[in-house]
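Structure first, commentary second.
Naming follows writing order (A, B, C and D), and every chain is counted from residue 1.
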Amino acid sequence: MRVGVLTGGGDCPGLNAVIRAVVRKGVAEYDMDFVGFRDGWRGPLENDTTSLGVDEVRGILPRGGTILGSSRTNPFGIEGGVERIKANLQESGIDALVAIGGEDTLGVATKLAELGVNVVGVPKTIDNDLSGTDFTFGFDTAVNIATEAIDRLHTTAESHHRVLVIEVMGRHAGWIALHSGLAGGANIILIPERPFDIEKVCAQVESRFATRYSPIVVVAEGATPAEGTMTLQAGEKDAFGHVRLGGIGDRLAGEIEHRTGKEARAVVLGHVQRGGTPTAFDRWLATRFGLHAIQAVHDGDFGTMVALHGTEIERVALKEGTGELKTVRPELYEEAEVLFG
Amino acid sequence: MRVGVLTGGGDCPGLNAVIRAVVRKGVAEYDMDFVGFRDGWRGPLENDTTSLGVDEVRGILPRGGTILGSSRTNPFGIEGGVERIKANLQESGIDALVAIGGEDTLGVATKLAELGVNVVGVPKTIDNDLSGTDFTFGFDTAVNIATEAIDRLHTTAESHHRVLVIEVMGRHAGWIALHSGLAGGANIILIPERPFDIEKVCAQVESRFATRYSPIVVVAEGATPAEGTMTLQAGEKDAFGHVRLGGIGDRLAGEIEHRTGKEARAVVLGHVQRGGTPTAFDRWLATRFGLHAIQAVHDGDFGTMVALHGTEIERVALKEGTGELKTVRPELYEEAEVLFG
Amino acid sequence: MRVGVLTGGGDCPGLNAVIRAVVRKGVAEYDMDFVGFRDGWRGPLENDTTSLGVDEVRGILPRGGTILGSSRTNPFGIEGGVERIKANLQESGIDALVAIGGEDTLGVATKLAELGVNVVGVPKTIDNDLSGTDFTFGFDTAVNIATEAIDRLHTTAESHHRVLVIEVMGRHAGWIALHSGLAGGANIILIPERPFDIEKVCAQVESRFATRYSPIVVVAEGATPAEGTMTLQAGEKDAFGHVRLGGIGDRLAGEIEHRTGKEARAVVLGHVQRGGTPTAFDRWLATRFGLHAIQAVHDGDFGTMVALHGTEIERVALKEGTGELKTVRPELYEEAEVLFG
Amino acid sequence: MRVGVLTGGGDCPGLNAVIRAVVRKGVAEYDMDFVGFRDGWRGPLENDTTSLGVDEVRGILPRGGTILGSSRTNPFGIEGGVERIKANLQESGIDALVAIGGEDTLGVATKLAELGVNVVGVPKTIDNDLSGTDFTFGFDTAVNIATEAIDRLHTTAESHHRVLVIEVMGRHAGWIALHSGLAGGANIILIPERPFDIEKVCAQVESRFATRYSPIVVVAEGATPAEGTMTLQAGEKDAFGHVRLGGIGDRLAGEIEHRTGKEARAVVLGHVQRGGTPTAFDRWLATRFGLHAIQAVHDGDFGTMVALHGTEIERVALKEGTGELKTVRPELYEEAEVLFG
């Protein structure tokens, strides 16, 4: 059996661990051979392949990124894209595909499966916002990096009696902010699911200073103020017309400083959160995802993706992972609020 | 309401995070006050207390160990021990206890609960072998430390064409060995649940060298050879009669070296695995355990302990956590075996 | 003998290690007692003190920040400031001061020493740009944090065929950029000492992509383009008139993206570089600085500061550390250039 | 010009960084080509070579170990060994050798240089005990790993009122013990240069407990008790006649426990200290060593080795690095003693 493998969307620590497990088990147990497609769906679309065997996956377990490259190419947005993929797969004698990716990549996989392509999906999102699985790999790494940064900021905040705002990933869901904020002992956590009230934030800042300690504010990149409450507006454009400047972290620090008169500084963690060696948890989860995905291929159980439920890896329908976004439930946030301030 | 808190058994990263969450929420939400008991059950037995309030728990979230101290004192093994505990609790006006510990500590809690003491338990074991909960805090930290050590050993093994044996914690269950071995890309993983065949181990060592790579063997401290298969025996005593020397890691390295003629070295991680700052996962889990435990106290739901099921914190009967040991299921080990060698 | 201790300027990992060593040795060997002044020169100016003994310094060695707080208060800029300091020192019976700080703090110390105050200085700058000493503590920690971030960015750059620009500290000197860039294997390093040519930078970016690899650019916050070569201008102001947005990292990424057509992203490490636990090197250096500083006080060798020369701690005149800035010598940069691209 | 490169002796983080810098600069600046010799002096002895160019050194900067392999082969102990090396070098058209190694490897290099072989040396010892250079790469990494371990042990020691003994590398010199002990805030540091008095050690242990804190003892593997003072003897042999058991750490813990009645546990860090990714300092130093070594080759300045003096890389005669051992000077140890206990 010949199996193609691709990785799509933003990179995420653990992608290589999945690829390695897929190939190692496929070769050793099922005598499969493998073809790597480069840069997500662009690979099968343009038939851009790379050899992928036991030698190619040696030593990649602890490495971040993806040896296959990634892109956001969507064949459904390209005239004749799907037909080209089907033709390329047939021509190369590919019997099945393992598609590793997030909402977009798996969305394509879902539709291709409906069109008869043999696909098994592996869910990937650093933001942990895919439904159908308890956790996705990469998330634990990102949370640990953010937590370590918060640890570091505490001592600076105390020494200088300053507010420190740290902006973490999370465009639509506040999982990284919530977990790292809890783990790092942040005093305020702001997430996309709950538009925040800048006056309440400033009141918390001031009450924290009243105890002689300095506040740390963790804000998800997608968090937004309740309408009309903030002076600073988003999205200043640079000279080339790109919106680069003025993320929520910077704006929030500015607004807090202006309103409370306390020095406030922002740190925007950015890409540092998504690169580098995965944590043990992420390597374990990614490896198990890979082992179970190739088993699903062997079983001919296509149109499914692997998922973590408790401590079990199970299979769910692909569309379960690409349906609605998994956001932070109100009770989880409220449970944490008692530790704020 | 006045609540006593104690930590028993071996220390574990996350104990302080539990204590902090218990106190912070108890004070802020339920207007409770707290008494810290020193050194596990020795505290209430000897009425050895320490003040425990919001000030005492400030800054302890990221710190390993336990500010309350620990011991293995068992009041049921002491003449009149239980009566003294009950008298001391009454005298100090303690309405309820939060007991944080493993099999032994929670075993005492279970029996005290049956005798009418108001106890809520928080499960703790670095080995992850308590039933009733998916994971316990401290385990993730230990696995990450072991994984980082394995990462480091790989390069030395390669450079010197040597076997490296790493002994990790796990007296009765191989969870740390299995998780860190998978995450670190070990070539052989030996756990207490499966007596190993030294000849098969040596065959794997030799087949690994045949690929020009050097083997890493992860062995849980409680792993044992199938009877009669190893020359080296356990438990040499030192000049004072203590069994200090010759753990399984050292013995295994000796035996491999002798049988295969390849240099073999052992590293025994020991206490390094259980100290220091907890990972983000462990801080998050410990914090949530603390928040839910004090809520159980507030609800008067005694004789229970908190537990992680999937991503939910739930309450289970105390005895559920202290019944049978949670060992590695055969299928989990077998799933990983394809990656060995 | 009664000795006052203060820390001024930006915080820096290792400050607490200095304070601890000063106090531990002063108490144990010279029977001194200590007074902590809060927030740099504001402390003696306003006689804001805190008790400082062996108990206060227990456990602070591995902690970032400063238990004494810091500020940028300059008594020479305040009417009657110097007189108030002298009066406060006399009133509290302070025989000598240990002043730990950078150019500004030690500049004040230098002038006070000339006015007869008994001061010994300990040089501190995370940027490593103080003359008179080979290295200052905090620098090694910052370089390691930046290097780890670069390691993480490599995998993302490769996976997405993107340029990643990382802005590190260094307003006037490029030490952090040079060391972390070398250690992280950056492809381009830009420092304040050498105005850069944006066209050459873009040419290097393109030549790197030609090898199928993705470029990492490390840029010191104080690096500047050769005049007139960049479209994007510095210093956009936010709605409150603060210059918050548009540091060199963001501007450079924008310019590279525009000129080369390759996606470029910037990461601004910011305050994460200066907080948290110091590296072993910084703890060792800070501890030795503290031990030698208090010995200088004991010897009555005032107007001096401690300095690292090779592996020796020596004393130099205070003004040596506050004279000219120690910038990156051209030959050091040129030596590294062969590794660019 | 064709240049051979080899790495000998124990592996050490930074070896790959040296190799990379040598090759990158040699190719780019001097148009050299390179031959890698496998496993130290065994390579040229048996003419076991591997290709070594810009592609082979890509990505190796952050990796521990050595891509060239290592061994302790000494051609001077082998009949006709030197002649074979000379013949092999000539046959392969090798004009010069870069030999990276410690006392033994550079000792061979020194003698070969006297016999007319064109050699430049790069000093390597994780123990930092080579004379002629302020520091060697690998040492900083080892010290950081040991310090992190000590940090972790503190919390366990406190929680259990136990003595924790940590054995670190250092057979003949106590540099790692001294630096990590200082950085980790150890209460007792024992080094090979000063035979220790077990009674004094136990007195310090007890005085530490008297302050309600628990002692951490750092002991170099080569530290020895003053004659006749310890009951436990070294060097128990295992069933195969290997001396595996009973290093100084275990023996010391046993003796302390017996004499003081306090629980004592030993941790032996072992090989974990020498593997894995190098610190930023070690990458910087190793890279600069490589750049300067290949320049020395280009300059024809053979029989020399590179060395760090202050912040400068200089050349010294090869024999300077292989003469006497650089041990811890008494005043450095005494300076630190005030922080013990």
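As a convention for this text, a residue touches a chain if its C-beta (ideal position, glycine included) is under 8 Å from a C-beta of that chain, and two chains touch if they have at least 3 such contacts.
Just so we're clear, the structure is a prediction, and the values are computed from it rather than from any experiment.
Chain centre most remote from that of chain D: A (centre = mean of CA atoms). Taking shared numbers over all numbers used, the chain A to chain B interface scores over half, which places it in the same class.
Chain B and chain C have Cα centroids lying 40 Å from one another. Inter-chain centre distance (chain A to chain B, centres taken as mean C-alpha positions): 30 Å.
Averaging Cα coordinates per chain places chain A and chain C 34 Å apart. Shared contact sites, meaning residues of chain D that touch two or more other chains, fall at 151.
All chain pairs that touch, listed by label, are A-B, A-C, B-D, C-D. Of all residues in chain B, only 7, 10-11, 13, 15, 39, 63-66, 69-71, 145, 148-149, 151-156, 158-161, 164, 231-233, 236, 238-240, 242, 244-246, 250-251, 253-254, 257-258, 265-272, 274-276 touch chain D in the complex they form. Contacts from chain C toward chain D in the complex involve residues 21, 24-25, 28-29, 58, 61-62, 134-135, 140, 143-144, 146-147, 151, 179-180, 182-185, 213, 277, 279-281, 283-284, 287-288, 291, 309-311, 335-336, 338-339.
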